[in-house]
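Here the chain labels run A, B, C, D, E and F in written order, and each chain numbers its own residues starting at 1.
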Amino acid sequence: MQKPPISRYPIPDINTLPEDIRTRILQVQEKAGFIPNVFLAFTHRPAEFRAFFDYHDALMEKDSGLSLAEREMIVVATSGANDCQYCVVAHGAVLRIRARNPLIADQVAINYRKADISPRERAMLEFALKVCLRAQEITEEDYQALYPHGFSDEDIWDIAAITSFFGLSNRMVNFMSMRANDEFYLMGRLPKGAN
Amino acid sequence: MQKPPISRYPIPDINTLPEDIRTRILQVQEKAGFIPNVFLAFTHRPAEFRAFFDYHDALMEKDSGLSLAEREMIVVATSGANDCQYCVVAHGAVLRIRARNPLIADQVAINYRKADISPRERAMLEFALKVCLRAQEITEEDYQALYPHGFSDEDIWDIAAITSFFGLSNRMVNFMSMRANDEFYLMGRLPKGAN
Amino acid sequence: MQKPPISRYPIPDINTLPEDIRTRILQVQEKAGFIPNVFLAFTHRPAEFRAFFDYHDALMEKDSGLSLAEREMIVVATSGANDCQYCVVAHGAVLRIRARNPLIADQVAINYRKADISPRERAMLEFALKVCLRAQEITEEDYQALYPHGFSDEDIWDIAAITSFFGLSNRMVNFMSMRANDEFYLMGRLPKGAN
Amino acid sequence: MQKPPISRYPIPDINTLPEDIRTRILQVQEKAGFIPNVFLAFTHRPAEFRAFFDYHDALMEKDSGLSLAEREMIVVATSGANDCQYCVVAHGAVLRIRARNPLIADQVAINYRKADISPRERAMLEFALKVCLRAQEITEEDYQALYPHGFSDEDIWDIAAITSFFGLSNRMVNFMSMRANDEFYLMGRLPKGAN
Amino acid sequence: MQKPPISRYPIPDINTLPEDIRTRILQVQEKAGFIPNVFLAFTHRPAEFRAFFDYHDALMEKDSGLSLAEREMIVVATSGANDCQYCVVAHGAVLRIRARNPLIADQVAINYRKADISPRERAMLEFALKVCLRAQEITEEDYQALYPHGFSDEDIWDIAAITSFFGLSNRMVNFMSMRANDEFYLMGRLPKGAN
Amino acid sequence: MQKPPISRYPIPDINTLPEDIRTRILQVQEKAGFIPNVFLAFTHRPAEFRAFFDYHDALMEKDSGLSLAEREMIVVATSGANDCQYCVVAHGAVLRIRARNPLIADQVAINYRKADISPRERAMLEFALKVCLRAQEITEEDYQALYPHGFSDEDIWDIAAITSFFGLSNRMVNFMSMRANDEFYLMGRLPKGAN
């Protein structure tokens, strides 16, 4: 079978892109060794590209009371609930690397209740899943359940904002049938130095 | 009963905000006559503020095959499905004004199938609701159902992107219990010149 | 767009109606200033008309431990859950007037958890929504949750009966595409004396 | 185990009831040989008793394009979907008798798609279940699916109204834990003359 | 109406069946007085026949901390939730006999929360229904809720295994439209000696 | 974090097991290089062990109109819908090997609609998912949708039976928190000869 396209929408030649977008993509390519398809897929709409990645970076690359692994765990669990292939596969790779754990991403994506996670992580994911699936039912009690695990109000905002942002991403991915790069599937699964 | 706060999170004094954010808010205030609470609520996180409103403007203030009223209709219908008070009330006001129709927002928010809308608008909202609630099930057939109504692929991206962006917004609003300004409730309900 | 009919079914000329039904309708018209469409729509079936409004009056016009505003609040919240345009719009108008609060109806219809309501009202609506959506799961614990808020067993019957009756109404409205009168949309939204 | 009460609410002595209600109950007792508990349970509220049974009779005892068996089939199928013990058991008995079929009620209550019914009955129950569970989604197409089976618009009103009325009944039954009379369980299961 | 077939798939002549299967069927016939259709329907696949009934017997015919009636109650309640006509009707008959109670099966199949059952039985059915409908959400708390009612870990395995096995059975029945024998409908409904 | 146990229930010493079970396990170990935990977890109940694996082999190791890869695809897709970690991880490994495709398992587990599969495979999975989640709604039309893709009635039985059997397995896994062996996570992901 021929490999399906990256997205249902056309992808412009990278050399025709606005300079800031082109630079951003090349920086990612240099760091990751390849261009994650989400960067290419969003070039179809430069203004949305900028806002999307600015939002992403504001949440995922700043200092936070949530560790980098915890943030990826939220992405993987909620994207699993939204059946989003790109985000589970791509952020599953990042989670494996960040958590230095080759099993954790599959466990969290399929059923976080049965994953090798701490009570703090479990409380975090329960809140995230509620924001993901039933945000209208969030009440004060949901906040209260997080404080004993050491989450501050700022951390809770981060949980909710990461969930909400990737809810947007999940919908766009499914809408345009965005395809995950083959490279992601194996990343972080082998012992350091093995690949 | 004392009026609840605008958001569960603190709102900084507007004069302490970064200049670009302060300017953006004052421009909105000048245009609308008041500051919609979503602008104040997001000042708690300046980087997210910028990305959020850049994304919003990229979708809602550009030229598009969708009319301004159609875009607001998408917001109101999907925010209704997500039980989001702020977005239904605030964008319901904008929809009434854009469509010059004092009844349309309540109709669409409660049940778009029974609203005074055209077959084109109905097809648009069916697609939007599917992206909102079951994006993982979007298939080629859903696209095909839109073409006969005159929607291009770019228009369809707009429908999906507006739905996805406001899905993010709906979750943030419900998470922080963001409150709609009292002003919105009556806007667009009276004949021109009456209020 | 031409205005859709009041109902998918024919409406007889009011002068051809049985005398008791004609009188009842004229009394409502005198009190409200117009004839709410639900009265016209049910004239298609005189026997059902009589039973429907007798049931309505038995619940909504008697003395009760529930205030008039509380009863309307139940109607609006459960009709919102059932996506019933007529009942949300018409009883939303009555709720605004009874509660002397121009904002309450939209808040309750969209998401009662975020509305400006008291703990008593919130407990009442939780019970009502459970009767509305999952009556089969009602257990003794649901009753026990209401007693501390001052509800008697008779009050609880009222909550359940109002919810059940309007569940019938919501289904009939959606079945026949009953249309809300334009007048309802604005009622109770302006300060006394303003309209 | 001691037999639970007929209802969570008190049942007045039949001799203390208003004369019209007492007469109505005694007539049913004479015809059926016992008093169905729904009559007793509703005596707790005389005004609601009258409206409830007036509504019932307006739908179930009039001439209609629906046969008596078809009407009971609607009650059993929708009450099954609402998990209503009283209505499935009591109207299941009536359905067996009306249809002269000892198997039909259990089949329809559990899964009408696998019941020994005609295509006409199946189409009728599909419409009824949609009114029961998702009335907000009823559209013109649902009507069109019924016409080829010989249903008129008046018949369709009957389907919808019976479904809606018993939706009220189902909720009241579950709310007050109304108990079905032991007599109903066996009625219509034995060959004529056998019991 | 002609009686529909036992199954959508062909049933071989019993005399052509492998000897062990033929013997097993004849033994059941001798005991029950007729051949329950599930035995005939599975003869279409001898290897699956053997595994299916071995599994059944391993759970339903061994000694257990659960009484025979309790085990049937699990079958009836979970098969009710899965809308499985064969299992509700056939095991409803067995439950009536095992519990010496002509009412219990219909009560449990329709709504176990309103059935004449003990707190122990109710806790058992709550666990069973969760395994049936949301097994992925089972946590340690669900076990803890059963211990005070006298259930051991082995008993809990039995509840889960019976539920899981009949979940398989329910799906196969609905897939092939397996028909319940007419005999089951009346079994256990009459006083001993009456039929 | 210490590794959680294989199952919430005790696992007997393999040398104390009945000879046929011990032999079966050692054969699997010889073939796979390790003992899949499902074999160990079910030793807690020898009679259920035998029936479970007999059923499994009757479906998964026989000749069939479904290829070995197609059968594993059904397991992975339905186990994904049931959030079953063990089955998605273990059978995902087998699927990768059978289909000689390192990407297919993750794609199918997350969202089969977006996987690199043929129209035949897609039709097969739609039927499987319906048996998995809504078997009560299976009708003749669902069969008719499969015939044009070359599926015979026997093939369709296989699809339904595999789905139903793994529905049992999924529930038992989630009930006892059965853990997938670490070995499965990487199997079939590397080019032949690479690991």
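Criterion: a residue touches a chain if its C-beta (ideal position, glycine included) is under 8 Å from a C-beta of that chain, and two chains touch if they have at least 3 such contacts.
Just so it is clear, the structure is predicted and the values come from calculations on it, not from any experiment.
Counting hops only between chains that touch, chain A reaches chain D in a minimum of 2.
Among the remaining chains, those touching chain B as well as chain C are A, D.
Averaging C-alpha coordinates per chain and comparing to chain D, the farthest chain turns out to be A.
Each chain gets a centre from the mean of its Cα atoms; the one farthest from the centre of chain F is C. Centroid to centroid, with C-alpha atoms defining each point, chain D and chain F lie 44 Å apart.
A straight line joining the Cα centres of chain D and chain E is 28 Å long.
Rounded to a whole number, the gap between the C-alpha centres of chain E and chain F is 25 angstrom.
Centre-to-centre separation of chain C and chain F, using mean CA positions: 52 Å.
Shared interface positions of chain E, defined as residues touching 2 or more other chains, are 83-84, 111, 114, 136, 174. Pairwise, the chains that make contact are A-B, A-C, A-E, A-F, B-C, B-D, B-F, C-D, C-E, D-E, D-F, E-F.
Here chain E touches chain F in the complex through residues 8-9, 44-45, 47-48, 50-52, 54-55, 57-59, 62, 82-84, 131-132, 135-136, 138, 143, 153, 157, 160-161, 163-165, 167-172, 174-176, going by the rule given at the top. In the complex of the two chains, the chain E residues touching chain D come out as 1, 3-4, 80, 83-85, 88-89, 102-103, 106-107, 109-111, 114-116, 118, 174, 177, 179, 182, 185-186, 189-190.
Only residues 136-137, 139 of chain E touch chain A when the two sit together in their complex. Chain F makes touch with chain B in their complex at residues 111, 113-114.
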